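Look for chain A in each of the two complexes below; its partner is chain B in the first and chain C in the second.
Coming up: the complex of A and B.
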């Protein structure tokens, strides 16, 4: 693409990266606080148990400066919450104490908080707290959670069912009966988590003099924290301030508010001193929200030409013991059934979703929520259907996408689609892959006993979710963002945003947007955020919304400042503001582009020389705007991913050879940042496809809660990832972005699974459980060989 | 065993004498006692590499070494290596290539990359990936990091 003139559209390096690369990052645990106390939790070793008694005496004997707070003591100043949603009256979730009282429902649930002068002493003391347990039977085997003979996670509910629903057109079964080819499968997606390298961290500082609570923490939505802390601790909201300094990754797990985090503030409130808690890695595995954990049965029918006749999906999502506050635990499953095969023309679709509790850590959001499952299930069925019908899988996709004249449309799954570009993405991807040559090479190598596989998967990425969903839920989740853009006296610009930066580079992209509106260099714009006491109110970092919502707010604020600057310049120059423009750091003549007065002069006069201005002129050199994405319930990015890999059928090893992505995230503000979001997302998707799984035994004990045993992708063995773009700006916003943070994670597991099954096809073997391990491949090969 | 010990060491070229808890690991010592917070903790069990520091010329897991074991040692962290300008080309390559996102793994990643460059030769992408496999990055997917290291190898040893 041609290099654009302004900053938007250019691969500018990220300003914030320099600080981080020189060891000058300031993450929460790097900050210093006077008179700081350190907190450690006593956590339940049982998945389900009654707490018969807690004796703090041995802890205080071991560490005289330690203090122990039981769940009951914390509950005196902190109400329990309930993870239900107003718009889902049939969804149940019982009240949850921030620290367990009387009963624990997962291994790792906090039962007491211990503070001491140092982290080491707090841990020493926590290890000595004597808890008397009465262990109870646990529900910990996913596919049996709803069976009659399984223990109840919450006996008062009478069932482990949290929620169930059906959607669709009611005619898929008859359509499947009539289809020329019907394929089906039972798919399984492991329980895993976001695993950011920096663990959750919170430092709470309650000042009894002012009645203020200041919290520094590694969090994706400080506003959600502020609201929750205010409501559950009874501190007026304007006295609660939440600051997010540098954040070492989040991927969704840090947008939740956790009971243990609230407890830190509760303890600070009781003691009137700053209290710090840093989750350690083993605790993270049993206290961060878990995600995915879904079993899906699905059937797809196509006619003789490979055109989709009907699809049915039956999904069972297994939660942990509770839903999360303000973030519905059913999202993983709802996204699965809403979005399955959404890019394809189909009139006959039915789906059922059941969501069940288990005695495991609470469930929540992880990058791409439900969409990797929707994508993997539908795309695998399409691949099998292509082979059943004797049509190349890529050609089958091309035949089935919605046509351009179909838009706007509503899919039978209930997805409102304004416009997609899968054909253009597919064409570009096939070219980048050299698809035909790869197929020819695959066929040649098969003759020599080498099993290569190719997977091509179409994905949708729901982004920038608006108020139509979260409003009626009653959750205090803001779907707007805000920004203040201010001209400094020297002519440089400061932008204060509600958008949270945790490495995506959104702040750098915001600077590019401001730069273009005000005709300055991006390096002359400083973007700051992450403090609920000083920035406009917003929603935080989730659903790939930073640029589409926060960027639009910034665009509007900069546009407002631009108008004010031109008006002031008009007064100074005695010119009509409509004859003036901003470019290259100056107010210039709109017609000729000739500079008339430097922005630094506007700044100097506007801030210091009001005496020289005509009477009645009031310079407004800071403008605040908010943006609510009200024109659509969400934005929808789309794309296609391709994987090439080799399976060693003797060892079960998968060797990833290459990976391609073509995505359409709307207008691209900074290709460098978008491409690295895509690549990072792909590798997290590969993690879900091949490595990541929280393994549990039947009693609800996590078996691999360390980095030694829980595998995440490492540099070796990963392929290079080739990224191409199709740009279809959305029309609802001036900027036209959609969002790109999750696209990689949505499509990668599908592409990998399809490629593995493509490699195994000559053997008649199939794998449909993620992660795909060498063991599962060998089992599938052995099963195929059995008569 | 005594609970405390006196140690003397050099950190980023400065002589340091401190009384430390025998059980304190090196990165807690650097972070808590010296305020050198550029070295991070990602697991504290020696897997993720976020705590990588250079001790007597070789990179080590700072979480698997006790501060008292560094008695007499020459320790370098990201702060000192940055000030010395020794890895500036590597840092600039990381920035230009956007080879860091949240930045939490980056100091460790840079120190490991610096050691890789000490081999004094260009490596294949597979070799670079192999060398970096003791350092986890959860954001980038590693591709950009491999690119950045390759760029520096090209400029230092190219031609």
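Coming up: the complex of A and C.
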């Protein structure tokens, strides 16, 4: 039997990378538009203030071609929105204007939009807009937001509480009382943001002639944009087109709808001219969504054998002033309490979550949403429990994973798990690390005053979230994706997808899927997407869903085209289509593999020589399919990460020596792309572990809104990141993939925190706040030395 | 961010530059490598009326050695200083410091003179200049004067340079026989501004130190010469006791300014740790 060429599973280089290396990338800011106006925002210098008046006169005096739009003017054509969700009736979220009207609730909130002939002139004019402020007290100290004496972010709500909930089995406290060893900790996770290299960018062009709005922009979900622009600007949806050209990273930051971006379209609508806005880096820090920002108290009990007896978690998520449209801001906290220790057999678990507003930029999704917190808290407790029980931390984990016969199961946190492979991942990781040798080396070096640490953390990665969540929320978020696959007359193939390419290489993997199904080379498949007017409708790039959902749609479309090609070949060859197959660019005999007719012949005849076909044969050489993951709420990937590092206990420096990841994202379409995703994810996890933090003062002023002071990992300080794979394909799809885009970010902070604490253990010091800094290590060491 | 409007001029001669400075004074800024100036303009933190681009002025370029002194032209790029055989031979402290000065792209454009004239308190080169007894040559329309590094830095971005003066070169005594240097810094990431940094220079005879010069950066509003700590090591055979004495004395020399990267106490602690390590290494290098 002739097998297809099997492009799936191969580490093919992606064609898109070559284009970018040739300098042919076309990002939104590179595009040229005639009669373009440039927009700059006046943003609030206060975290909380009333706007008493806005005088545009000095701005227009300074730049005569400038025009100023206040929030009130924009509100006339754009209604405020509310980030409430139908399925969360107790979650509050106040109405939010796209540009502030009367009151600002965070430093950086847009107050007026200024357009001019150039960006420099728009900034000149924006600097001259006179705003009269009445500053108000701000809620800006994390963890104190719910205290009685703290200012209210939204006085009309009467409280800063956005949402609270409890989950669990109700019996963890008694279980903890009976446990042989109980460990606990108070953990803190800094506020950070995604800082993609390419800034948020939008060019809106309202054509008053046709009543169409065309928006080019750097966005992960153009469909979400299209829906929002249509509904809030009152433009019929079929007249709104959103195009996403090359995108320089998103990490979740660009899946949201932003008021400032909608305002650009509103201004274009008013002026009937194209208007461009590019967020600059300093603005990005106070306008891109922020994430994490969580304090967690947790207790874990184990029995004498190290088996988990019970776990309790109490999490407080500190939001910004608002959530986002259609994207609940409570996800960070919900993921934390749902997923903590989810890979481990435990029947006694209780958790509380409180989510509170602060006078800071709105909160949203950032790569791995809440899961790094769940992972770090649970894994650190397990490490401490292992030492309390006198059991090696790796062995303790092995004893506690769910057994294969437990699956499918529902964890006490509410996580539905079909199947996981943590034991296989752990065994492979331990081998890759040379775990025993590392431990021996660590013990030797400790005798010479060198403090090495080893951390091994098990992670779960919730990917490809389906309609069970977003459907009942009422949000206009599609969890479906679509694809059209078309045979060109020459026998090459075009694939039009709703999957958004933002640097992760998904389009290259889609080409491999098509190639696999149609028996052609991946280089003979061209994948395009990123235009809501020409591609099938879909969800976009978030929740590591591109291959699992969009890839399955492509698989199905390619399967449909394959059937059509074989049927057409059958009528041309007067053969039974079931006796035919596709391989090496030809229709061949299924039994012998002998080529019968080239795909280029099928294309030529199917497109140009209909006259030679039997009457009634209608070639269908383009097939569209959609896929929505309806059989499971999400695809749960899993894996284990390991970190080896050295702590200089006199200076507090952490030197990362090595990092390992073994992940199971189901069937792997392209190992190279998976490894890129894992490595990039680990690097962002290292950022969360050691560097990234939005620092605020008590008045809600961000102190480090530039890359000089907001630190991200840099290549020189990074260890080698070794990646291994375990493949457990999911059964719900033909393709069998799970997501891989967030795994690195989920597990890396935990592995590093565990390793730092492992290094500090002989000194009796602990760090439980991320990012871990030289200062926090020195303070922990000093605290341990104090009697 | 886009820079506010400014006038730009690129003179062909030093006299022309000095003439322009005499005329415009503080309304003008000198554009050398632009690695600090351009971001400052783009962030609209500074609004000079005129930028005077000195990149065409030949006599501000180059590195030379004569009569026991190394001359580093104001326009010498960091990358040039880093690879200079003259610097490697005669100014080992600066050679050691250069890889810590920002990153490759910045070193390709940024200049030695720019770093000195800007006087960022977290920068490496001003402190090296203080430790090594450098002199800065300042020129204006009327003439030239030399200012010792130890009396040049007045505070955060504040120096002895008058508004009509241009820093034209730095003159640094070459290391003498029997002397050794050691440079150490700590930063959150390699190339960042320092949390603490020390420049050590001394005559080392066996393990006996003399003419000890310790200078610090990343601590206060300017590079700081540590009189007390230097004196505590002077004439002493380096030992754990002397090391402790030096670290103790440093507490009186330094009054660090804390920020969110590290508190004052942490910065002092790090300066002490680095001092011990730097002198250990300097003594061991023999």
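Here is the rule we go by: the second predicted complex is superposed on the first by the 782 of 787 C-alpha atoms of A that agree within 3 Å, B and C clash if a C-alpha of one lies under 4 Å from a C-alpha of the other, contacts with A are read in each partner's own complex, and residues count from 1 in each chain.
As a working rule, contacts are C-beta pairs under 8 Å (C-beta built on N, C-alpha and C of every residue); 3 or more make two chains touch, one makes a residue touch a chain.
All figures in this text were calculated on a predicted structure; none of them were measured in a lab.
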| item | value |
| --- | --- |
| Partner chain in contact with A:280 - chain B first, chain C second, else both or neither | both |
| Partner chain in contact with A:148 - chain B first, chain C second, else both or neither | neither |
| Partner chain(s) touched by A:611 [first = chain B, second = chain C, both, neither] | neither |
| Touching partner for A:718 - first (chain B), second (chain C), both, neither | first |
| Partner, of chain C and chain B, that touches more residues belonging to chain A | B |
| Contacts of A:651 with chain B and chain C, given as first, second, both or neither | second |
| Which superposed partner A:120 touches (first chain B, second chain C, both, neither) | both |
| First, second, both or neither for A:156, with chain B first and chain C second | neither |
| Which of chain B and chain C A:197 touches, first, second, both or neither | first |
| Intersection of chain A interface sets (partners chain B, chain C) | 120, 280, 706, 708, 713-714, 716-717 |
| Partner chain B, residues of chain A touching it in the complex | 13-14, 17-27, 29-30, 32, 120, 195-199, 246-249, 251, 280-281, 502-505, 672-673, 676, 679-684, 706-708, 712-718, 720-721, 744 |
| In the complex, chain A residues that touch chain C | 118-120, 123-124, 127, 280, 282, 650-653, 691, 695, 703-704, 706, 708-709, 711, 713-714, 716-717, 773-775, 778 |
| Chain C residues touching chain A - in the complex, by the definition given at the top | 1-5, 43-44, 186, 188-193, 195, 260-263, 266, 269-270, 273-274 |
| In the complex, chain B residues that touch chain A | 21, 23-24, 31, 35, 37-45, 47-48, 50, 77-79, 82, 91, 94-96, 98, 100-107, 110, 125-126, 128-130, 132-133, 135-146 |
